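In the two complexes below, chain A is the common chain; its partner is chain B in one and chain C in the other.
Let's look at the complex of A and B:
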């Protein structure tokens, strides 16, 4: 498991199961600061045909983070071979509002709300 | 100069409007160290607002409503503060001000900061796009552009409009060699 931790957040990539989890609160100052997280997500796309992104524990994401997520989804869409499932939490308000947009960017995306 | 419909909300002195004001004087410490304060302030404002949306144990809908309002306030306040911290200048020495008004069925934010003439001109160009184009299409086009490396700016406003149903307006007032730029965000609750 590759784990990246910052103040108030954690990103973990489990290569064996093809899953990435992001939890905590993410308010980094622009897409440049999200690059380490973006790299983990992009590596995961390169290494798996089926990938799960677990956001159920992500309580807050700012617009730069939403843009980083969108970039990941677009990369997965363009990769063609990669099936992506995103797991969200219906009880976390921002997720109900913003995650559905990702389906428009990648219609083949599976979005599951627990 | 106003863009969109910018309301002049009476102050609590003469209108009895419930409001919360925060002022930040931005010259004392560098931006990177101040950044974490955006989240602290935004979360405080989200928590503050929950007092006006109390929980009723016998009605589960009140829990959902409180979480929705708290989430919306935290998100919008955080985006406005991030914009102010990223794009404000400090030539004249104006503070960043964040005001939140609790009106009947609406919450209105007014965030103001000093801006250089160049930043003000760039912002006005973007505002003209927001006001003249379909914001949903603009949102998705910006997402696709960012995926291939274009700049970061503008998504905060578009997410407020598309994901939170917010109405936005702006006011630009010249102050010496700079501008005082105010952004007004109105959400229905």
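Let's look at the complex of A and C:
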């Protein structure tokens, strides 16, 4: 389990189960600051082809974060045999609309709202 | 004591040291004098004792019957007369009746000399005899050394002791003028050396004292001349290794720390000012391009009222109302984040929308797609990851040739773009919230949104009210954190649909403000009310 911790957030990659979880509040300033997280996601999808992204604990994600996620989904979409599942929390305000948009970017994306 | 200058105190110290030295010196000289005199006294005393011993020995012979008294006395007198000691000192023997038997000057021997006086009037022979008769003691008088009247009378110290059986006073004396000479000599010698030592010590003391007071006073000078605005520029004294040096280096570090703090403070102030200026610029940008009331009122058949209130941290809301030819192009959007970058993106969007308006582009959806690519490329350059939710509307009054349709469509509103739900308060009291989720995609997020943009046409009848807004309205929080909400917005619109667009707008705005109370506004409020006439 590789864990990246920052001020108020945590990103964990569990290689065994092929899942990445993001918890807390992410308000990094700009795409560059999201690079480490982007790399974790790319790494995960590179190794696994199947990836579960658990965002149920992510209470807030700013625009640069959503942009990072979108880029990741586009990359995943462009790798033919990728299988991505995103778990979201319907109670968290930003997640409804933004995660739906992600599904538009990659129709094969599985979206699960708990 | 602590109020007196340091230099004064150090000088006092040095003065005390020197005075002590002088005092000790003086005492030593005095002791020396006393010692010398005591020594002399002892000496003459011992010499007289010696003579007495001699007399005693001869007296024993008389007592033993070996000599007659006269024989003994004559022999003793002869011996003692010839005795000399020290520096030519001689003995004297004076009979208690006043006749001098033995003395240095043979001319005086055998004479009655009780009344002989020294230059001071002291009857010294009488004194010697009297002293001897009392048991012995010192007699001091002046006497001219040597013979003749050419000499100077000098002080003499004489011891006179009795030989009672023969009624003799045995005396010997010594000049003491040399004592003072010796003393003077010593005085000069010690004085010279001592003075030299004191001088050197004094100089050294002054030098050392100066080596302390000098830098201390220098430090005082340096500290009192610190410029509070530039503490690090203080005239730092040169480094040294003593305690003062430690003070100086600590102070210097402190001054630099102060300077740092001042500079941070200034930087923070500057940063604050800059941010304030940025905010100002952003806000002005927002307002510079807003449509005027005149523009809004120049429309037939459609009443338009618009409201925008920026939050303290300008949120980058955008709206534009562009009457053109036979219709009105309306745009509304909400740039993510806030600040100068958001303001710039808003500007870009406004320009792009205006530009496309003049083009022959037929569909709102394709216009949005083009706008998206433009914004996307610019945002990529800016590297800020921002994007905006945006919806485009095109209103065209309906061209009804058939006047037989009573409940006729008066206007068509074409919508494209993913934004907040469009609220329609129909004239007959029906409420509609048109979901725009499937009509578009966030603008500037991905390169190509052609697959996601669609448009939708709404028919408007006389009296229908359309409310367009940004999430600043629906997410306006009250003091206790409750959000205003879509339901409440729709309700107010519905309840006031009979009023003019302007009045409806006012009703909504005052209701939002009422809901917020004293709570701080965190996101721009943007509201557009359309009323079909």
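Here is the rule we go by: the second predicted complex is superposed on the first by the 114 of 114 C-alpha atoms of A that agree within 3 Å, B and C clash if a C-alpha of one lies under 4 Å from a C-alpha of the other, contacts with A are read in each partner's own complex, and residues count from 1 in each chain.
Rule of thumb we're sticking to: a residue touches a chain if its C-beta (ideal position, glycine included) is under 8 Å from a C-beta of that chain, and two chains touch if they have at least 3 such contacts.
Here the structure is a predicted model, which is why all the values come from computation and not from measurement.
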{"item": "Simultaneous placement of chain C and chain B on chain A, clash or fit", "value": "clash"}
{"item": "First (chain B), second (chain C), both or neither touched by A:43", "value": "neither"}
{"item": "Which superposed partner A:105 touches (first chain B, second chain C, both, neither)", "value": "both"}
{"item": "Per-residue contact with chain A, leading partner among chain C and chain B", "value": "B"}
{"item": "Touching partner for A:85 - first (chain B), second (chain C), both, neither", "value": "neither"}
{"item": "Which superposed partner A:63 touches (first chain B, second chain C, both, neither)", "value": "both"}
{"item": "First, second, both or neither for A:74, with chain B first and chain C second", "value": "both"}
{"item": "Selected from 40-48, 310-318, 454-462 or 490-498: the stretch of chain C that, after superposition, runs into chain B", "value": "310-318"}
{"item": "Intersection of the chain A residues that touch chain B with those that touch chain C", "value": "30-32, 62-64, 66-67, 70, 74, 97, 101, 104-105"}
{"item": "Residue numbers on chain A that touch chain B, as the complex places them", "value": "7, 25, 27, 29-32, 60, 62-64, 66-67, 70-71, 74-75, 91-94, 97-98, 101, 104-105"}
{"item": "Complex contact set, residues of chain C against chain A", "value": "336-337, 383-387, 418, 437, 441-442, 445-446, 451-452"}
{"item": "In the complex, chain B residues that touch chain A", "value": "32, 35-36, 38-39, 67-68, 70-72, 74-75, 78-79, 82, 86, 139-140, 143-144, 146-147, 152, 155-156, 158-159, 162-164"}
{"item": "Interfacial residue positions of chain A with respect to chain C in the complex", "value": "30-32, 34, 62-68, 70, 74, 97, 100-101, 104-105"}
